[in-house]
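Each in structure tokens, the structures are laid out below.
Note that chain A is present in both complexes that follow, paired respectively with chain B and with chain C.
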Partner chain A sequence: MVGSLILLWPLLVATEFRPLQLFDAQSREPTLRFLATMVPPAIHSDFLQLVIRESWRTVAIATAGIALALLVALPATLVSVRVLSVSALSGRMSPAAFLLRQGVRWVLILLRSVPELIWALVFVRVVGLGPTAGVLAIALTYGGMLGKVYAEILESGDPTVAQTLLRNGSSRLQAFFYGVLPQNAAELTSYTVYRWECAIRSSVVLGFVGAGGLGQQLDSSMKMFAGGEVSTLLLVFILLVGIADFVSSWLRRQLG
Partner chain B sequence: MEVELTQIDARHLAARAGDSAALALDRLSIASGEQVAVIGPSGAGKTTLLELIASALQPRRGKVELDGQNPWQMRSKMLQRLRGRLFLAPQTPPLPPRQRVVTAVLAGALPSMSLFASLRSLFYPIDIPGAHAALEAFDLAEKLFERVDRLSGGERQRVGLARALLTPASLWLIDEPLSSLDPNRAQQALSTLTANASQRGTTLIVTLHQVDAALANFPRIIGLRDGQMAFDLPVAEVTPERLRALYAQHEDELATALTRGIPMPEEPAAHGKHASVVTIQCR
Partner chain C sequence: MSSAKITFQPAANRPYRLPPPLSGARHTAVWFSLGLLCLVSASFISLDLQWSAFFSAQAVGGMGRFIGEFYPPDLSPAFTSKLLYASIETLAMSALGTLLAAIAGLALALPASRMHTSDAAWLRTPTRLLLNALRSIPELVWAALLLISAGLGPFAGTLALACHTSGVLGRLYAEAIENAPPGPAYALRTQGLGGARVFLYATLPQILPQIISYTLYRWENNIRAAAVLGVVGAGGLGQLLAFHMGLFQMAKTASILGAMVLLVVLVDALSYGLRRMMTR
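After this line comes the complex of A and B, so read on.
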């Protein structure tokens, strides 16, 4: 205990961690004032209409982003997955095939190691403010994630099923649809639905850098110190995440 | 399909460099339409021989020729096309658990189907009568729309064999087809295979643990021991002395098979190399 405190101390100093700051008079007053303005959430009809439109846009960004991510992930998975290698049937994978598979894997790692927030900042510069930047950001990061995890799921199954089919002269895609997919379809779908739920949450964050949706609204209300609007948006956001969570767990139960 | 092996030295991928050769054959030629049983004690290289002929395993040295073509000098596309003309059935057919039996059986016909047809067949099986007839031949017709994971080990093995009847292949290489079948089913399965093979003119090579079943069903017997060919003879010339020599130090495997006078059931182990413990499977 004492040892860990001693170890922790330099870290706390380095991060300028001074919790008492939260309570000193200078910061307490504006905080309380802002919190007080939040109390009756803004519910006039103009604003509610806007909120509903932006929530819908948030769901749309997440869904379109996942759809594009699948366009990246599915071909990349098919190319990179080792169980579908024909040359590995009889010994070692041929060098060209190995390089191609490894190359695709590296691209996937690159895509997924850049957070979607950074991609969004980049795309806001390229395509301007708005949902398009959010969709592209989600598509790239999630494409990398889905591609990598799909390949891992497919390789965790029984490789001999596809191997037997390939050895008897099936094409790679036939071996995929008859030997690999039936073993893993439920797991793949469940992971995709879970990622869709994550995309909804992250598309709200992306709004803060100007990529549209609820987040962008939240950002501008925050900047105008419109406490009522902020609390409405937060409530709607919590509700949205709750619904997405519910839908995704229901879908996964159906598939299980 | 015609098979010709010359001066082969092959070993399994997992084997290390210093190990003795898993299989060393001077010469083996099997004419088109011939039916051959390969027998020998566990670890003699029976499965390696099948994989070698199926171009699933590349020999270290020597030449494999299928219909006069060397598969290892082909481009990968041609090799895959050649593989579509042969059918290698592993001892325990790996089948995806949630697949329906009809789909699993029709997977045998994949090399002759276009990608589009094979995708359509996933939703509505293309050749239900064909799958039904193939299963019927192995007494499994009533399982047509069952899920694979609801089948017993023996039923699964027969689904794997039923695939053969739907392949476009002209060479069937079947590894231990009887390992989890009871005696009656075993005889039925062998008769179905040999009858269909001779009707189509398909070359049939079967490895068997059951010496008496091999002698009763096949005109030509190859005995393998320690990766060497012990004999390659017409069935009439396979004498008890030769069999005893083939199974020397492995008498338990031979004795059980001969004294019972029935095919010897074996544990459905993943690679089926352990036959020293004999269990009778109840169905």
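After this line comes the complex of A and C, so read on.
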């Protein structure tokens, strides 16, 4: 008991953990006022129209981002996957090929390690406020993620078919399309659909730094302390995530 | 009696045969691809993306200047110690947030799961709805909401992580409780033990490894999330980033970005190494 308290104490200090602060008069009043304004959600028609438009934009940013991410991920996967190495058929992979594959892999890991919010912050500086920054941010982060996982999925499959094809003189692309892709296609598609669902969730968050969609609307409603609008947006957001969840699990069941 | 005459009559109905499937696999694949194509093209058309602005000479030059200003990153001792403190703050936020979420998640998982087949579990549906609501609002949105009552700083971030993660963990724990082998719990219940003791002595010991691994997995996720939470003002490295980027201090921004990537890569490598060590 004492030991765990000693362990916990630095955490409490570092995070400025003061629960009582939530209940003192200074923060209680604005909180209660905000909660009170949330109760009838705003449902007048022009606001609802705006919400529907922004929800579509959120989905569109995620979809366009994933489409561009595939443009990054597919070539990177083709280059970096070890099963398609010709020199590895006879013992070790040649050093140049190994360096190329490892280099592409490191680039993918780097793309993936920078959170999409940071990419969005940087791109908002360059291209200005709007969906372009969000699409680019999703494209880069998810490109890295998809590329890395695609390569792992392809390498976890049975390599004999592709190796036999390569040994008998097929090109790498032929070996990919006839040897590697058929046995892994369902898993690849299912992972892509799952990532699309994740992208919808993160495109809402990207709106907070000005990349368009529901998040931007939520941010501005919150800054105006318009509680009714905030609660409508939160409900719509929960609904959207629920629908994406449902569609993605249904699609994955169909593919599986 | 005359000799029995066996007559074969034709069946009243034709033999039962399944109709051919209305849509073959190919059919479905074509519809899927068409739908996908429509969705993607509608997205690109409706978004009015400014590629021309992005690839114009001016934007490319701006991008170049922007990246050029990153170099050299600010590595002065004063700023590095500030970075170190922010990284520790980020780690502390994620650890405390996960701990709070584990406690709240377990507390919510109990009413959200059906302990045995004759358990009425009245609270199961409402608690699951609550867990879903907690889970589907991302950490960053929670942080922005909690700023109103918790004020700027790491406290809001910790609470935000705790809110989102307790939704995730609560659901995972509830699944673990419902999927635990029912034998030991049944044996204790037939001896007349109450619900609390049955849970503590039969169910919990069986699901403890799963609970621990889920919690550690979420902690890893939360370190990554805590690094960026501060962008809305909720403490850690992100708050430092938003502050210095807002002031256009690019040298400092560069070293903060470096610290973030380093933190994420370290956590990834550590968890990868640990998992390999444990599965070997």
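By our rule, the second predicted complex is superposed on the first by the 254 of 256 C-alpha atoms of A that agree within 3 Å, B and C clash if a C-alpha of one lies under 4 Å from a C-alpha of the other, contacts with A are read in each partner's own complex, and residues count from 1 in each chain.
One rule holds in what follows: a residue touches a chain if its C-beta (ideal position, glycine included) is under 8 Å from a C-beta of that chain, and two chains touch if they have at least 3 such contacts.
Because the structure is predicted, anything quoted here is derived from the model rather than measured.
Placing chain B and chain C on a common chain A by superposition gives a fit, with no clash between them. When the two complexes are overlaid on their common chain A, residue A:S171 makes contact with chain B while staying clear of chain C. In the superposition on chain A, contact is made by A:G130 with chain C only, not with chain B. Annotation for chain A, partner touching more residues between chain B and chain C: C.
When the shared chain is aligned, no partner comes close enough to touch A:A42: not chain B, not chain C. Of the two partner chains, neither chain B nor chain C is touched by A:A88.
When the two structures are aligned on the shared chain, A:I200 is found in touch with neither chain B nor chain C.
By the touch criterion stated above, A:E16 is placed in contact with chain C alone, chain B being left untouched. Once the two complexes are overlaid on the shared chain, A:V161 sits against chain B while remaining clear of chain C.
Between chain B and chain C, the shortest distance over C-alpha atoms in the superposed arrangement works out to 9 Å.
Interface of chain B with chain A (complex): residues 13, 54-58, 76, 80-88, 90, 93-99, 103, 107-108, 110-111, 113, 115, 118-119, 122, 167, 169. Residues 86-87, 89-91, 94, 158, 160-161, 163-171, 173-175, 177-179, 182-183, 185-186 of chain A are the ones that touch chain B when the two sit in their complex.
Residues 8, 10-12, 14-18, 21-22, 27-28, 30-31, 34, 56-57, 59-61, 63-64, 67, 109-110, 113-115, 117-118, 121-122, 125-128, 130-132, 135-136, 201-202, 204-205, 208-209, 215, 218-219, 222, 230, 234, 237-238, 241-242, 254 of chain A are the ones touching chain C in the complex.
Here chain C touches chain A in the complex through residues 28, 39-40, 42-44, 46-51, 53-54, 59, 62-63, 66, 88-89, 92-93, 95-96, 99, 132-133, 136-138, 140-141, 144-145, 148-151, 153-155, 157-158, 224, 227-228, 231-232, 235, 241-242, 245, 257, 260-261, 264-265, 268, going by the rule given at the top.
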